[in-house]
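Structures are listed in the sections that come next.
Paired with chain B in one complex and with chain C in the other, chain A is shared by the two complexes that follow.
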Partner chain A sequence: MVAPQLWLLADSRLPTGGHAHSAGLEAAATRGLVRTPEDVAGFLAARVPTAGLLTAAASAAACALGDRPAHAPVGWDPWDAAVSARTPVAALREVSRAQGRALLRTARAAWPSLGYDALGRRPHQALALGVVVAAAGGTPHDAAALAVHHLAGQVVSAAVRLLGMDPLALSAVHARALADGAATVAEAAAAGSAAAGAHDPALLPAASTPLPEVLAVLHARGDGALFAS
Partner chain B sequence: MHRLDVADPGGGAPDPHDQDPHDQHPHHHLPPRPGRALRVGIGGPVGCGKTALVAALCRALGHELSLAVVTNDIYTTEDADFLRRQAVLADERIVAVRTGCCPHTAIRDDITANLDAVEDLVERHDPELVLVESGGDNLTATFSYGLVDRQIFVLDTAGGDDVPRKGGPGVAGADLLVVNKTDLAPLVGADVDQMAADAARVREGRPTILTSVRTAPAVTGIAGWVRDEVARHALVGRRA
Partner chain C sequence: MPPEAPAGPDVDATARVSRSGGRLTWASSPPLVLRRTGPGRVHLVQVGGGPLGGDRLRLDVDLGSGERLELRTAAATVVQPGRHGGKARFAVTARLGPGASLDWRPGPTVVTDGADWWSSLDLRLAAGATATVTEQVVMGRADQRGGRCRSDLTATVDGRSLLATATRLDGADAVLAGPGGSGAARSLGTLLVCGDGLNGIGDDGGENGALRWARTVLDGPGALVTALGPTTDVARTVEAQRALLAGG
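Our next item is the complex of A and B:
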């Protein structure tokens, strides 16, 4: 259970730019690949253990590393490079950095910390999330759980807004995805904590689902998109 | 906001547009400097003429003020592309923000993407005026004053002459209300005088301008209001 002071980070009303992202759902939906709530469930079942695992593990690692005193700042460059290497599509790296920048902006107001500056101006969203969770008093497991929660929330919310799906049916999909995602969260928290403990970003897991990543490129280049990703 | 044609510079790298040869500590620019720009939001329902007004203001003020524009069209970059085609402003001074089906969220509840866009423009061009055009939305969609310093709400005369009477946050609270397309009033049976009287009543002294951007493209009155606000902002600074 996430600690109460972290609930705001789980709340989609926290202004961090996430409302304009569909986490790949729009690109799949506009090509007819996602039409029903069952399709959304399938999309999440594919993305949570892959892209979700990576972002959750990187968030967990960043949370473990981010809780360091200001006089010994974290050297984020290797971690930044590791997340980039595991995000093979430039469009999604850009999406990640845009969301990381937005999250940091809000976090500076909500949970002030000297630890943010070392991340740079446009950090990957996963790394920013981990450091923000640390600043808010959360654990690496919290960071991993929030990363998966954000992914599922963006997908489901976009399905409601784009496809006019029954929001109640999608609530069931959402709840099931989060329950199923618990295993990913646990795996990510362990992997991220281990990588941080060893100061070795190479230990971060790498997993991908190629089709949504390719579609992300087309989405970013194409016209007629409502969501930023 | 998408900038897919540039290489990924890495999170710690300063934006290549931001480099200041005198600055040895680019990371210490966080959060970005606010700049001198007056930020003016332009909102209003779908089809009321927001983009046409932005284009007209760029033409009216572009030769005397340094300008930049952020568009929030619900459909991708259409408004930005319109402005580029009109050639009212250099391409790099127009940025489009995608809003994920929720234009009102992007200007009020979660302004982060628009703030990023505004601050990028401020850092690159140090404009005196940034116009932030909302996507077309409803009568309750207003800008957060965390994003803009002033806001203009635009109505379409043909959208119903009872709209000013109904009030609402945009009509009643905007710093300037523009009732556009008054040339259509006789065609749709709208009572423009009644609209003006209703607006005056709900707006408690805040100004209203009735015009037709199409037939009076110089937008003299609106440009004058913006010019005065830019001058006031230069003297007084940003709202608390």
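Our next item is the complex of A and C:
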């Protein structure tokens, strides 16, 4: 059973700024590349095992590392570099750091921990999430699951707002994406825990697909978007 | 099974090229044959009609302090499924000493239907080294949608991670060829420029018909260009960006 305090971390009403992001859906939707609930399902099926795997594994690693005594602070710099290296699009690194900062601000109030300071002012969102999950009593697997949950939630809620899709049809897409995403969560939890155990951020997985990365640059350079990413 | 696939056991080969003290040395390992084509230039010749599923090919590059090397291929690489299926693997590792310079510009790689290709390029740069990598993947022959491809690009500069990506393509997979994947692009072009000297270079990008491309600045001394679309448009875009960022 998931610890009740983690349910709050899964709640999109927790003020962490995630509602301002579509995880790439807007850029695809405005170009007519995503039109139907089936397209949203396909978009998620591509994104969860790639971009989702990366953030989930980094979150799991940070959770495993963050669960350490205050007298032995984690040296986050190589982990920060590893996440940056796996996030080649500069605009998405900015998005990640803005969300990481917002999450830490909320977490300092909700789950006070001495472990946050070592992360710096603008940590990557995945690393911040992992440390916050540790502070809230969760496991690396919980952190990975939350990362995938947030990715799916951003895509699905953006699809409702941008494309006016039937929320019931999208609920089915959402549920299926989370069920299919369980394999990614398990893979990410194992890979992240292994990387943390070896103190080697190079062991974090990398996986990407090219179109969302190209569109992320174009989206950040364009005007009139509803979502920041 | 493509009729032109030659018979024979799976290939396991490692070729090497290095330059130090101004001296170029190289060791071929068939089917990877290296030929010197200029004072600081080597061509990789793939003999024997591969790569095929099951092949394991490696190329190690080692450049000493201040050494320069241009690395090319003699022709396009056409990846085929082979007799027993399985992945065809090509791993390039390049170590660059301080101030060394590598320009790796192979011809396009055509991943034919049913093929499974995994290529990787691991760049380890000392401080002050520069590397320019230009790669293009084409999804299948003219009448094909293309096979499966994983393309890893890893770079560290002075021990710090600069880039670690593993790009997935599969022309036969509706998800990976869809809007969350490649958008059914015929070709993917990649340009990585690492090293100092990119001052003033920012993000850029554009869309023209089926061509979409973007340039982004990495978190460290480097920039990455990604282009998707028709093969010739992708090649032209990547070459224009290479000329802009790396000159020559």
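Just so we're on the same page, the second predicted complex is superposed on the first by the 228 of 229 C-alpha atoms of A that agree within 3 Å, B and C clash if a C-alpha of one lies under 4 Å from a C-alpha of the other, contacts with A are read in each partner's own complex, and residues count from 1 in each chain.
Rule of thumb we're sticking to: contacts are C-beta pairs under 8 Å (C-beta built on N, C-alpha and C of every residue); 3 or more make two chains touch, one makes a residue touch a chain.
All values derive from a computational prediction rather than experimental measurement.
J.: Do chain B and chain C fit side by side on chain A in the superposed arrangement, or is it a clash?
T.: Superposition check on chain A shows chain B and chain C fit without a clash.
J.: For A:His124, using the defined touch cut-off, is the partner it touches chain B, chain C, both, or neither? Pick first, second, both or neither.
T.: A:His124: touches chain B, not chain C.
J.: Is A:Pro78 touching anything from chain B or chain C once the two structures are fitted on A? First, second, both or neither.
T.: second
J.: Using the touch definition from the top, say if A:Ala98 reaches chain B (first), chain C (second), both or neither.
T.: first
J.: With the two structures laid over each other on chain A, which partner does A:Pro210 touch: chain B (first), chain C (second), both, or neither?
T.: second
J.: Is A:Arg47 touching anything from chain B or chain C once the two structures are fitted on A? First, second, both or neither.
T.: second
J.: Under the stated touch criterion, which partner chain does A:Leu226 make contact with: chain B (first), chain C (second), both, or neither?
T.: After superposing on A, A:Leu226 lies in contact with chain B but is clear of chain C.
J.: Looking at A:Arg68 after the superposition, I want to know if it touches chain B, chain C, both of them or none. Which is it: first, second, both, neither?
T.: neither
J.: What angle, in steps of 10 degrees, lies at chain A between chain B and chain C when each chain is taken as its C-alpha centre?
T.: 120
J.: Just checking: does A:Leu218 make contact with chain B only, chain C only, both, or neither of them? Give me first, second, both or neither.
T.: In the superposition, A:Leu218 contacts chain C only.
J.: Have a look at where A:Arg176 lands relative to chain B and chain C in the superposition and call it first, second, both or neither.
T.: neither
J.: How many Å separate the nearest C-alpha atoms of chain B and chain C in the overlaid structures?
T.: 5
J.: Could you give the residue numbers on chain A that contact chain B in one complex and chain C in the other?
T.: Dual-contact residues (chain A): 81, 84, 90-91, 93, 220-221.
J.: Please name which positions on chain A make contact with chain C in the complex.
T.: These residues of chain A touch chain C: 24, 28, 33-34, 39, 42-47, 50, 78, 81-82, 84-91, 93, 201-202, 204-218, 220-221.
J.: How about chain C: which of its residues touch chain A in the complex?
T.: Per the touch definition, chain C meets chain A at residues 152, 154-155, 160-169, 174-176, 178-183, 185, 188, 203-207, 212-220, 224, 226-228.
J.: Write out the stretch or stretches of chain B touching chain A in their complex.
T.: Chain B residues touching chain A: 1-4, 7-15, 27-31, 74-77, 97-102, 105-106, 109-113, 115-116.
J.: Which positions of chain A touch chain B when the two form their complex?
T.: Its residues touching chain B are 13, 15-22, 76-77, 80-81, 84, 90-91, 93-94, 97-98, 100-102, 104-106, 108, 116-124, 127, 158, 161-162, 220-221, 223-228.
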